[in-house]
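Both complexes below contain subunit A, partnered by subunit B and then by subunit C.
Right, the complex of A and B next:
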């Protein structure tokens, strides 16, 4: 019953909620980012990060650091925290936490399949996979030749199996089909997650439906923009949009027929939350759209922490941590390539 | 003066209710007063304790200050115990003839009502104090200036007033007209003798 979750939430979720709020308190703040942006070398970055929670993970790295090492160690910290929480969780929180990682699983699957298509070594690809999305039989993805084999050999045992019903075809895997497969899987995953949150009810359902709707709408816009000028037909494009969100169904109708960015902008400006986003971009510019979407997402994720006794804080924390890792990667790359003037282009302050 | 004249027709529910011994009602009232109060306090401590333990991992400084939330919850259980003790001192044995007298019934119902009031009021109070304590612990872990220092009035004095003071007013007056008071058989006989004179 909405409103009375406070009576029983703490029985199973109180301890973990307090832990995730403790983790949230250790996210890097604007002053940390300012210090990091003024670093001259990667060793300075390592020194600043050792004063934060990342200290134990970075202190044993040998001196010529690479940006990939920094990112890898920070991701490792996130994975450790996630696994700790997953071990402690009971149903339905454990299912909820697992749902958060399915997106990474989809990305890993697509990464390995694409890499195999381009004749890359499987071991090298496995190292590039995101650790949160690993599952046992992932290495055998390299063997499959088309989608139905992919499903039958590997994916039927994974949690992604139910998402494949919409995209099993006998076509061979090529770049276009792989992108369509990725988006179809992600669409099925988002809808499944949305249904699961609705079933949980209460504050979790309310906050997660807002966050997931934003994610669905953002993906719809990105799919539209990326498929302008490709051979993706309008019907195919419409099939990749999710069945929920602010844009469903009328916004999707308009987006499906868009042929350039200005038409996309025209379609989106009818929705007040996105109108403010698009008004920050001048006409014809799409590079800043990604940053605008990330900023809006961070704002909504921070708001999820305002309420107590729900599961959306876990989702919000994982996403905020991922955003922080993206920030660190951008800062490290700018510092490593001596382009410090561009540092503030893509760093999004969380607090 | 017996209960049956009060209720009338012997086969109605009212008659059946009136025939339940007032001792039953009083005993249930006392049991509810202590039992449900302790349930409320324990539930409240559970809610606040789980958040406090989790938050204290990253911020160990909050444990000593936030113990006050647990103490307030515990106080709620104590109120239930106090009222239960007071109520049970009001219970006295009466001779069988006076058991269903209207005054006895009133006393029984009064103790029952007091017990129910105290029990359920403390249940809700313990829950609320627990939920507030949980939120307070989490916000204190984040930012120590958010700790509420002035909860004493809300969480201690008001529950004390309502859950102990209000039932006090419902209790039967302990005067001579209270049929629960022990009747001395010698006094009874004297009174009977005086009637004859």
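Right, the complex of A and C next:
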């Protein structure tokens, strides 16, 4: 249902929407990617990027560049933009913007917990964390020994606290538990975000429900594929699927009992939007699925910019920029490791 | 007659600023060995605009990409050095050092060495600073945490040994406390099984830290904290960080592990403090002595570093300049193309015709200096693109040119309104801002800016000051004209003065009570210059001033608009378009002047004769019933037939400017292309090869679309006809603002406090209104403003841009 957003949206959201659309205009285009793919060294990449918005972030880097530096600086730019928008935002946009970062927060928590489990140095782990998902006491995650401690010591202060209610057990942490925790948290997060967007109503609710449903479905498929052949029971698997999305509830029933990739395919092909996606893949193929999903996501995110007066553009912009950084990382890695033949494998053109 | 006029016009001396410089499209062919030098000489000269011939190539596919990269790397090093210098607080010299030419390669190695040296020094200092910080923190922990331990123990001791309190009460000596401590310490510690960890943590993290400790130990701990006396310098960011010293008491091995982990997570440095007071003192002493050692080393290091930095600072501007120039040269070289033999670089670009010989000289010099056997070829070519617009301005006219350019850059060789704006702009401003008191204030401001011109021009000013400074000559002219207009209006901060003699009027009686209601009596000849001061506050003041200012506004507006139309005539003549003269300029002149020109005539006649005619009435009934008798509004004989003739002329002028031009254009077009069913073949293949990338890129397909042309002409005519009314009315803002200004300044004068505030505001609004009158009412009569600016490759401009 459409409200009268056009009437009042610009009072608080107009400025930021203009900003985010301006940012969107600076996303790298296909011709940029073509040029980048022709680069011979990382310095060439730097040189090409210096003509884009990334220029000021890279110009002071000394010459033997590393892929990590490029990625780090590009992420820094995204973070700066995000922080600027967050500072300017008023309710409920500020909450909406904060929601965007919770996903990274979950990933960071999982990263640190897994890292300490394998006796990695905390400082080293912290450097690997996504800066958008940082919170104050993230370093003290290393102290926790089991789930309930994790919650009681650290996460209770973070926005993730409510999502944790389903995974508080006193079981010791191990890889399997952590992975289940990640997915449970993600499920709770997506559902919460979904409810929040529904509450906002209007075009935001409509577009975000599409984007989040896609996200939920993609996670469901990934969980299914990744859990094939593990000791995860069907019921447990079923519990990790988010309770919304195109696949909910019947698709979930089918996915829960899948035993191999072709069964997943069979389940998914009943849904027209995913049918086209799977039709591009040959049977038994799961490698290219990720790329297909990413491409589909980018397409949907770009479409979010077609409408005005809604918040989904912020979500879409952040996601697109992250995809762009993934692209840059891939290109830089390929260039650095002399694997230029594979450069096109994983790059997803945004425009 | 017409020929005479044209001859006269042709013989007029040329105005420099009226038409932009004549440009020519040139091709330069550089032998490879002298290209760099030649381009840098051209950069010094700064009057050639190169065209990018490699637009389709990405930056790293170009010829001199490596050199550009090297320059970028060098400028990065320079930025690093500058940052280090700024951080260290070493002053940069203001003036450039002597321009001894340095080799780029040499500079590159030098920069590399300097950077290396600095990085090494920094890492050394950082390491030292790190150890120093540790010691400093240890010292503070010793002092503070020692305090906690004793106070805690003293407390327990006091509880246990109440009897001895009388003996040791309140003497507060550490010695006494330690005496007890010595006796009691081992017992208490072991009895309770209490351990402690002391350390130091950032103040901002302290609260979270305490909370985390509390949670981790489930509240079984005691947390003591105190603010550290000294701030600690962060070795990486060189910022001062406030820290707090803490001591946690807890029990159990498990808790210890957790607490240590938390400390690590929060970046809290833990130091073991001996419980023994003697050991503690000894340690403090040791730490203090080591601290002073470190301080000395650090100081020495810092001094050395500052010396190195200041020697770099001396050279830095020169180096920066050099690198910037080199980068610009290579960027320009990247715009050039290789010729077929790959031995020469081919460049194309625009330059003003007057600079041709100088450019050739520079090129010869370059050939000679680089010992090249082959000269640089420089020749003029044809181009289909319209040339860029380039005005040679000086510091006075520059600001006015900027004002005009802000509206739109003139078409190539179009009449430049800036020529007239130099006077009309400040004058129209002054008409609204006429007050010689305010004018003097403005004059002083402008004079200050001009007096400190040489000093201020090198400095970085704020955006507002920069604006004022850029327009200092505009301000000067504005203030002079305001003084002039203020004298005419006879207002000095809204107070009239008797400067030019005595007033022509006197009151009817000595009390002067009826001056505001009845009026004054004229006793002698009119006041010689400007408005009679006696009128201020009298009955005739407002009617007189209104009438004066309103009519003056219309006269000024008519003059300026006529000037605009006449300039369109000069444009048409210059570009040889008789069509525009006959079917645009002439009817426009007739239309405007037969209506509002006539009004101006009436105003002047009324002023001269002192007639009582109502001009509104005359103008309105000229349209409504032109045949009626004018009766008491008749100003001169034959006015009625004149009006009818003028009205008819105006009516005829409208279709005149609307219809003929597009039809004639169509006819000319059809004649020109009659029977030509095939397009003209452009340059043949041979030509293209012999002249790489020359004019062949842009083929203008002249297509004549009649309906488009007609609609355009219709819009133009309607705009002019309606504009004649609205633009004339628009000039009335001169009157309105002038009136508002004098009224406001009267109010401000009465409430002196507001003076400064109102003043600032009014300058801006008068400025904006003057701007509008120029941009819209004046320039829309003739100015196209769709050209593009000449952007030469020039080192001087490069410097301005960067700073």
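Assume the second predicted complex is superposed on the first by the 349 of 351 C-alpha atoms of A that agree within 3 Å, B and C clash if a C-alpha of one lies under 4 Å from a C-alpha of the other, contacts with A are read in each partner's own complex, and residues count from 1 in each chain.
Here, a contact is a pair of C-beta atoms (placed from the backbone, for glycine too) under 8 Å apart; a residue touches a chain by one contact, two chains touch by 3 or more.
This one's a predicted model, so the numbers in the text were calculated from it and none came from an experiment.
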Report task. May I ask you to decide whether A:158 touches subunit B, subunit C, both, or neither, giving the answer as first, second, both or neither? Result -> neither
Requested in this report: State whether A:146 touches subunit B only (first), subunit C only (second), both chains, or neither.
Outcome: neither
Query raised in the report: Who does A:50 touch here: subunit B (first), subunit C (second), both, or neither?
Result: second
Query raised in the report: Hey, is it subunit B or subunit C that touches more of subunit A?
Result: C
Query raised in the report: After lining up the shared chain so the two structures overlap, which partner does A:63 touch, if you call subunit B first and subunit C second: first, second, both or neither?
Result: second
Query raised in the report: Does the superposition put A:95 against subunit B (first), subunit C (second), both, or neither?
Result: neither
**Report entry** Contacts on subunit A seen with subunit B and repeated with subunit C across the two complexes
**Finding:** none
Report summary line: Listed in rising order, subunit B residues that touch subunit A in their complex are 43, 46-47, 50-55, 57-59, 127, 131, 134-135, 137-138, 141-142
Requested in this report: In the complex, go through subunit C and note every residue touching subunit A.
Outcome: 58-61, 65, 68-69, 72-73, 76, 79-80, 205, 208, 212, 215-216, 258, 261-262, 264-267
Query - Touch list for subunit A against partner subunit B, complex - result: 6-7, 10-11, 14-19, 21-23, 25-26, 308
Query raised in the report: How about subunit A: which of its residues touch subunit C in the complex?
Result: 35, 38-40, 43-44, 47-48, 50-51, 59-63, 122, 136-137, 139-143, 152-154
